[in-house]
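Let me begin by handing over the structure; questions about it come next.
Residue numbering begins at 1 within each chain, and the chains themselves are lettered A, B, C and D in the order written.
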Amino acid sequence: MSTQFQGVIPPVITPRHADGSVDTDSLKNVTKHLIDGGVAGLFVLGSSGEVPYLTNAERELVVTTIAEANAGAVPLIVGANEQTTNRVIEEARKVVDLGADAIVVTSMYYAIGNVAETETHFRSIHAAIDKPIFAYDVPVRTHFKLPTDLLVRLGRDGVIAGVKDSSGDDVSFRQLLLQAKDIPNFDIFTGHEVVVDGALLGGAQGVVPGLGNVDPAGYRRLFDAAQAGDWALAAREQDRLADVFEIVYTPNGRVSGGAAGLGAFKTALQVMGIIESNTMSQPMLTLNDAETAAIRAILERNGLV
Amino acid sequence: MSTQFQGVIPPVITPRHADGSVDTDSLKNVTKHLIDGGVAGLFVLGSSGEVPYLTNAERELVVTTIAEANAGAVPLIVGANEQTTNRVIEEARKVVDLGADAIVVTSMYYAIGNVAETETHFRSIHAAIDKPIFAYDVPVRTHFKLPTDLLVRLGRDGVIAGVKDSSGDDVSFRQLLLQAKDIPNFDIFTGHEVVVDGALLGGAQGVVPGLGNVDPAGYRRLFDAAQAGDWALAAREQDRLADVFEIVYTPNGRVSGGAAGLGAFKTALQVMGIIESNTMSQPMLTLNDAETAAIRAILERNGLV
Amino acid sequence: MSTQFQGVIPPVITPRHADGSVDTDSLKNVTKHLIDGGVAGLFVLGSSGEVPYLTNAERELVVTTIAEANAGAVPLIVGANEQTTNRVIEEARKVVDLGADAIVVTSMYYAIGNVAETETHFRSIHAAIDKPIFAYDVPVRTHFKLPTDLLVRLGRDGVIAGVKDSSGDDVSFRQLLLQAKDIPNFDIFTGHEVVVDGALLGGAQGVVPGLGNVDPAGYRRLFDAAQAGDWALAAREQDRLADVFEIVYTPNGRVSGGAAGLGAFKTALQVMGIIESNTMSQPMLTLNDAETAAIRAILERNGLV
Amino acid sequence: MSTQFQGVIPPVITPRHADGSVDTDSLKNVTKHLIDGGVAGLFVLGSSGEVPYLTNAERELVVTTIAEANAGAVPLIVGANEQTTNRVIEEARKVVDLGADAIVVTSMYYAIGNVAETETHFRSIHAAIDKPIFAYDVPVRTHFKLPTDLLVRLGRDGVIAGVKDSSGDDVSFRQLLLQAKDIPNFDIFTGHEVVVDGALLGGAQGVVPGLGNVDPAGYRRLFDAAQAGDWALAAREQDRLADVFEIVYTPNGRVSGGAAGLGAFKTALQVMGIIESNTMSQPMLTLNDAETAAIRAILERNGLV
């Protein structure tokens, strides 16, 4: 049961000029590319937006730029990325002032918490912030898996408005879908690019794919096929997108895992002429010419250039 | 492309009398229950069969008993569960002599290997054993994830005939399905009970659900719906089975994770009158009366008793 | 070979009033207690100082307060706790302006890096900040172990002035001591309270024990015994301190691991009359009366109250 | 308080001929080399003995050969390496029949247990086997850390006679030493080659170093210095042995972690003329000529060839 947020909500990447500064023109182009592709919302300051690497001034610039380019077209769901409760609240206040329609919050990190502290964490943020909160379950970064029963409890109590799942745990994802089925206005998103058809078949309301920066229209077709109950078509579209996703493996260990995925998305957008440079945030390496050529080949065989 | 093994292939549980000895009469009943439920094969000496806990004599008794009860009705895929190459080969020879149609092999465990050693491991076993080999990817036990490209390479070279995936990594599972699509006679099974519809939508050939001991006919209906392209029906059947799967959470921390799942399957079969006792292998605790009552309630609301 | 920093350098705790605000009077008392105890420096804004939980304003207040109470008595080594390179640099500039004599930096966290990025990370910070940098190896928080050869290389190149080791890996700690032996002005500290005698026997220059807040004089005696070559005395003092360290186990699972240790140090200081309240940062639970009584008993049997 | 086992008790390596068969002549030479080096016991069928890779017939041959070469000179502590309780008991009976004076047992592996099951595991083995049992704490292989309070409880109840610690957790090791101090005939060994001086300073009774195969006399000198209270001499000897330990890093990623350490010990013994070949168990790679040359250089600079 969802009335608020559903559909394709990509985590917007953050383009940089070759000198490393944030490229606001390219960022506006990406925003337009996504809206033209039929997305239902924009996830701003997510991992794909390199939020961990942005300074506070850059974070503000990114939200402001996207908000201006979006001009109210779709809702903005903005990450309030900080390590503990009070720091998240301060960050959330900033992004709400800049135009966030909802915020995205992880469990604490670097700090070593437990389930009870995590519950207090979300409840305290909800008490302080007057916008819908999405819990972001990303244990590969936080090293803490949000328990299904905690998410359901927070959903029933109106503390969170939904979940963005990047846990890689499809079993608990399905159980969350089942147990949260009757919570009104509760939206569950998968963050995994290549299993969206299965997630939607299981009842997910939306998808937040980093690869959606590259092919938003493809994800929209996949979502529409699922909505129409044409699951064979949805699976075919998913298989095509899974092939596009092969771009993230082109660096093959030359760069860090973090830099490989985001770098591939940026490089693809550069090849497609949507952004100026594929420059990464420090200290991540930028993909090179050989990797760019390999990515171009994958885009070509999938009709994206 | 598969011609060999597909459909529902449950990992058969190992019933014990209250005194701890293997209960061969109950084991025959379970075998009959599964074949009557429409399974396409039996996975013998798997984790759900408590293979880590069985002595060598018990392993032999279990294979012999199931082979006798099966009487050639469906293929027997048998685990050769040992920690390193030469020990696996000795174990595999034993189970092949007892009637295995195919064997199931994990990467090494306790031993600390790497990808190259794992490739040698599978190639050496293939060279020694004249039966199809399924690679069993179960990092929660082996603490080693089988890389997708290794599995594809071993498949193309005819070293392995397929994969049983219990990795909990649905992203790499989908990529394996895509990359192995054109390998003839290569069968990929999911071991996860609650995401079978998505796995089949992505192209999996079969499913090896521990819960299939309890409700083989339900998994058969799910598989048939998927084969017929009726994905909405498949998802409904999956959601029902996910509710049945709630039996594994009834102990709620009183017993170990290993004992909870297997204990729930045994207890359900006892409640259903198919096995005599829900006694577990040493040193696992057996589920108690309160847990049995909770399991009975779940079975009742799903029409299984 | 060290001329810069050695001896006992405790990570100063951050006292709070019962209402949760930072208690600067108590913080000055703690600072005085430590200097009176014979410490060689103060580690400010460390994990024991609850730095992950402090807002930016609170971080500034803490550094300012300690700097004022210290009045140049001992060097201040201050944590620049942020998740990526540019954010660390901004944080480091702030604490240097507030009086830091050296800064402490971890590898990136939440961000997913690798060894090459980590090397760039430290080199970039060194290029931007004109103070000695200590690498803080704390994989339980960062989930990244700083490799020994990277630390040695950064030390030889003058990028880092030393290491604070909280890795829990005594094998690599010993190898670091050996390999860095001939680097001038390179100081290696252990952060583990109960193995200081062995660390000093292996050649460590200093110790940064959270428990040093409670018993700085005890750690000073241990350090002096080691300097004098009286290892039997050092081991006896260490065993006594290991018994005092039992205070951290009094909550026995009631609070998170993070809250247990820090809460025990605060509670001990409250029992000793040095700070007003044992209140913890949100969302951590504060130790209760039963735990306080248990801690008092441990302090009593060790002659600390 | 220990009267039973103390001193240097190396885990004996298993030499193989170039064709892969166990080389009993070389194994006898190693045994003699160790006894001549002044060891207090022999740990047979340990990880350094490649026990995970030995077939059952090879395990029997190894124990028999060492027992014969030892001829009662020192006690034999033998690993009963199996994955669950009843399988350990069967294995333990075999090695006791072959001459074990004590057995070494890990927690379960591959099986997924918990603390309560682990306690039952050790108690059941003790009830079945009439020899002292050493608990072997090796979470890098079992992925389960034996809790300190469990070890102390099992020690007080006479279930285990001691602990072989290869946990890499020096903090819990020190706490175990303190808490077990008053248990009669309870012996605690460290398995870490480069922190033996600190372990002995903290009160350990013995050491089980894989590197002890190469330089038993060095470890004996270290132990004797510690017994004599000459800790500066102990630390110097330890630093020298830590330099010898550098042999394990010569393969630098070419072989698996498991193969690097054991391969280096075997290669050193081959260079020293004590064993015929450095051949490893399948599927581990054997160290090559370049690595052998590097190992020879390390041995030479430490006076071992």
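The working rule: a residue touches a chain if its C-beta (ideal position, glycine included) is under 8 Å from a C-beta of that chain, and two chains touch if they have at least 3 such contacts.
None of these values were measured; they are calculated from a predicted model.
A.B. asks: By mean C-alpha position, what chain is farthest away from subunit B?
C.D. replies: Chain centre farthest from subunit B's centre: C.
A.B. asks: With chain centres taken as the means of their Cα atoms, state the distance from subunit C to subunit D in Å.
C.D. replies: 35
A.B. asks: With centres defined as the mean C-alpha position, give me the subunit A-subunit D separation in Å.
C.D. replies: Each chain reduced to its C-alpha mean, subunit A and subunit D end up 49 Å apart.
A.B. asks: Any chance you could list the residues of subunit A touching two or more other chains?
C.D. replies: Touching at least two other chains: none.
A.B. asks: By the touch definition up top, name every chain pair that qualifies.
C.D. replies: Every pair of chains meeting the touch criterion: A-B, A-C, B-D, C-D.
A.B. asks: Give every residue of subunit C touching subunit A within the complex, in rising order.
C.D. replies: 52-53, 55-56, 81, 83-87, 90, 108-114, 116-118, 120-121, 124, 140-143, 255-259, 281-285
A.B. asks: Any idea which subunit C residues touch subunit D in the complex?
C.D. replies: Spelled out, the residues of subunit C in touch with subunit D are 168-171, 174-175, 178, 192-195, 197-199, 201-203, 229, 231-232, 234-235, 238-239, 242-243.
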